[in-house]
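Okay, so chain A shows up in both of these, paired with chain B first and chain C after.
For the complex of A and B:
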């Protein structure tokens, strides 16, 4: 096809100077990691709360939690991202909105992306938490209540310790997804891994090298997460369940 | 406080409708090709011929490891390039829709293949043994006995994946193709009414996907009791 392969392109200084193209890639890689991990922590905390609320007997609370999950699951991630980035600052109180709009563009992009990914993923985490709690035999909750625990004590001491261990394997795929979904944030100009790859194409006209490098970087993230989660799964496995000892 | 002005939406409806048709076209093509190619991949993965099974495993794992946005960018860049050099297509012809369909179909096939693999494995082993005992070949047993049951069991999951796919079609935004979301963004940008148009787009997606997932859930319940 007459394509000139040139892997040395990564070591060339960039057009704007001061850095190599490899430096850009590493910077993008770090942004992807920082964004995904911070969003993941928020998603875990929020998802746990919403997931628990979905299973409580109080109809109002479980209704709110269900609505939350449905909203975040039925709107495309890209649309949610644009809503956070373009619409939210307009609807905030005047002062807060303009403070946001005057801040550093990177901060704006990073914050919008983080909130978006966190809430989007929290709805999925909530579903896993709910199915984890629902998968426990009903006798567990009844036994807890019969022992004189209040409902919140039953959740804290009986249901959640089991549910949390059961949902680690399904959470692995959500954790992998958040890294992949973070690539969507390149659309609002956040210079994460995919965006840097695209920028490299524009600057160097070596599309194949840059795309292969970005793909390999995502594969690397995948492999590391898989091994980490496999180690965690082995540690928290519940004896007596399928996959347990 | 922000002053809403929804007046640019009614005039833009025909344009938005055209965009929705593009979204649905991409979804339909990707679902159909994705299921067919995904089923073939699942069969390869489960086949006793090692190279086939390795190929399918490699394909599925590769596509599941990379973000859809990356795959779409790959396709917008490489498919036109390939077609130009292989078939002598005129340079610069618009192949964004074709590239998008190909990208989505090949990407989603990886996910459909995992669903179909689970479906095939959910059919009891005795079914295949019975087929063999009746004198059917492996291919006949698969086609006439195992696959129909696997499909039936997996219909809700295949449909749910279709809804996810419909949501994901909004990502063709990266190629500036005017699908429903792209059209909404363009109108909002042109009229300086991005806030209203984005909210409108979000609401439309919500109504469609929420209704569709309710229908799937209803069907799933019926399947369970049957």
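For the complex of A and C:
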């Protein structure tokens, strides 16, 4: 194979000057982390609310929540991204829309990506929350209500604390997914980790080094997430209950 | 204290309760028995509104359960309930299980709630388990905690939904002993149970149900000595054998 390995490429100044290629990669890495974490926090909050609503007795509320989940779960992520980035600004009230379009391109790309990933993931989180609540013995809800708790107190003190513990393992895979899905955002020009990798290939013609570095960076993120979630799982384990001691 | 007038309930076309009427006076212990599927659990659960009903009227301590204006949460906080599967909250320690509704519903301070909880744990013989979690206790212990948890709310009456059916045979008595003691102290109780020994010892009245109807509602002496309906005779013949 006539390939010239050159790991030193990362330390070279970029063709456009001012930074090394390693600096580009680090910038992309930071963008991926910031994007994924912010979207994840929104997805958790929204997903918890929507997941709970799917289980409430009120038919209107649970219907709205079901529609939400089906919409955001069944449209391909890439299409959703294009809708948020290209279509949504046109649908905003004119002032807001033009303010958005005149803002820094990075801000436009970042915001669209964040909202897109957050809503897409929130639908999946909502499904986990719903299945967690539904997997609890039905008597738990009755026990809460029979103590004099209102329905929302029953969710707050009885159902959710157990449901959330039960869904830590499936949530781990959603958390991993959001980092991997964030690579899709390179299609609207956001210079996150995958996009920086491709850009580095364009500038240096060193695809192996570039994508090996990108792969390792994603791997690093996922290993950290996995260990973090495992630690969390052990920490919230209930004594004498599934998997507890 | 509890009055039911012609209460009926159905799920779709399936009739669960048909025109059930009865009254429970303060201090009475009512044992509800009958074959499975006869509606006994449902009869108990309509009393505190855990199961809705379509017609008739239930009055608990002057409050109408079916009235949409009634604050059901408040009513339920005055009616203790014990379930077949204990339903302790698994993520809380035993003492927290006893305190949570006291602080969140009755707005007692943590200290008052804790004192009350510890006293009740002592009463059911489980002081040593206060810091443990429900999953670390035996079924009988969990059910005694569940009774203590209900008592912590100072209920005006207690509902028991087959409290010993999910227990190992060896643990049945420790729970029945607590219930017997409670009955002797004058607590108003409605118990769905197959424990006829318990019924003979402490019941004031026995309600026998079949196919959603109250077939017999009589003093325990009359019920056990001379059940009027054929269905109750068959039932007793079958379960009193052993």
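To be clear about the criterion, the second predicted complex is superposed on the first by the 242 of 245 C-alpha atoms of A that agree within 3 Å, B and C clash if a C-alpha of one lies under 4 Å from a C-alpha of the other, contacts with A are read in each partner's own complex, and residues count from 1 in each chain.
We adopt the following convention: a contact is a pair of C-beta atoms (placed from the backbone, for glycine too) under 8 Å apart; a residue touches a chain by one contact, two chains touch by 3 or more.
These figures come from a predicted structure and were not determined experimentally.
**Student:** After the overlay on chain A, what do you see for chain B versus chain C, clash or fit?
**Tutor:** fit
**Student:** What is the contact status of A:211 with respect to chain B (first) and chain C (second): first, second, both, or neither?
**Tutor:** first
**Student:** Given the touch rule stated above, what does A:201 touch, chain B (first), chain C (second), both, or neither?
**Tutor:** It touches chain B, and chain C stays clear.
**Student:** What is the contact status of A:75 with respect to chain B (first) and chain C (second): first, second, both, or neither?
**Tutor:** first
**Student:** In the overlay, answer first, second, both or neither for which of chain B and chain C A:87 touches.
**Tutor:** first
**Student:** Examine A:161 and indicate which partner it touches, taking first as chain B and second as chain C; both and neither are also allowed.
**Tutor:** A:161 contacts chain C only, not chain B.
**Student:** Given the overlay on chain A, how many degrees, to the nearest 10, lie between chain B and chain C at the CA centre of chain A?
**Tutor:** The angle comes out at 100 degrees.
**Student:** Have a look at where A:234 lands relative to chain B and chain C in the superposition and call it first, second, both or neither.
**Tutor:** A:234: touches no partner chain.
**Student:** Taking the superposed arrangement, what is the smallest distance in Å from a C-alpha atom of chain B to one of chain C?
**Tutor:** 22
**Student:** State which residues of chain A lie in both footprints, the one left by chain B and the one left by chain C.
**Tutor:** In chain A, no position sits in both the chain B and chain C interfaces.
**Student:** Would you tell me which residues of chain A are touching chain B in their complex?
**Tutor:** 1-2, 70-71, 73-80, 82-83, 86-87, 90-91, 94, 176, 179-184, 186-187, 194, 197-198, 201, 207, 211, 214-215, 218-219, 222
**Student:** Quick check: in the complex, which residue numbers of chain C touch chain A?
**Tutor:** 45, 48, 50, 73-74, 76-79, 81, 83-85, 87-91, 100-101, 104-106, 132-137, 149-150, 153
**Student:** Using the touch definition up top, name the residues of chain A that touch chain C in the complex.
**Tutor:** Within the complex, chain A touches chain C at residues 137, 139-140, 142-150, 153, 157-158, 161-162, 165, 238-241, 244.
**Student:** Which residues of chain B touch chain A in the complex?
**Tutor:** So the residues of chain B touching chain A come out as 1-2, 62, 65-70, 73-74, 77-78, 81-82, 85, 167-168, 170-171, 173-174, 181, 185, 194-195, 198-199, 201-202, 205-206, 209-210, 213.
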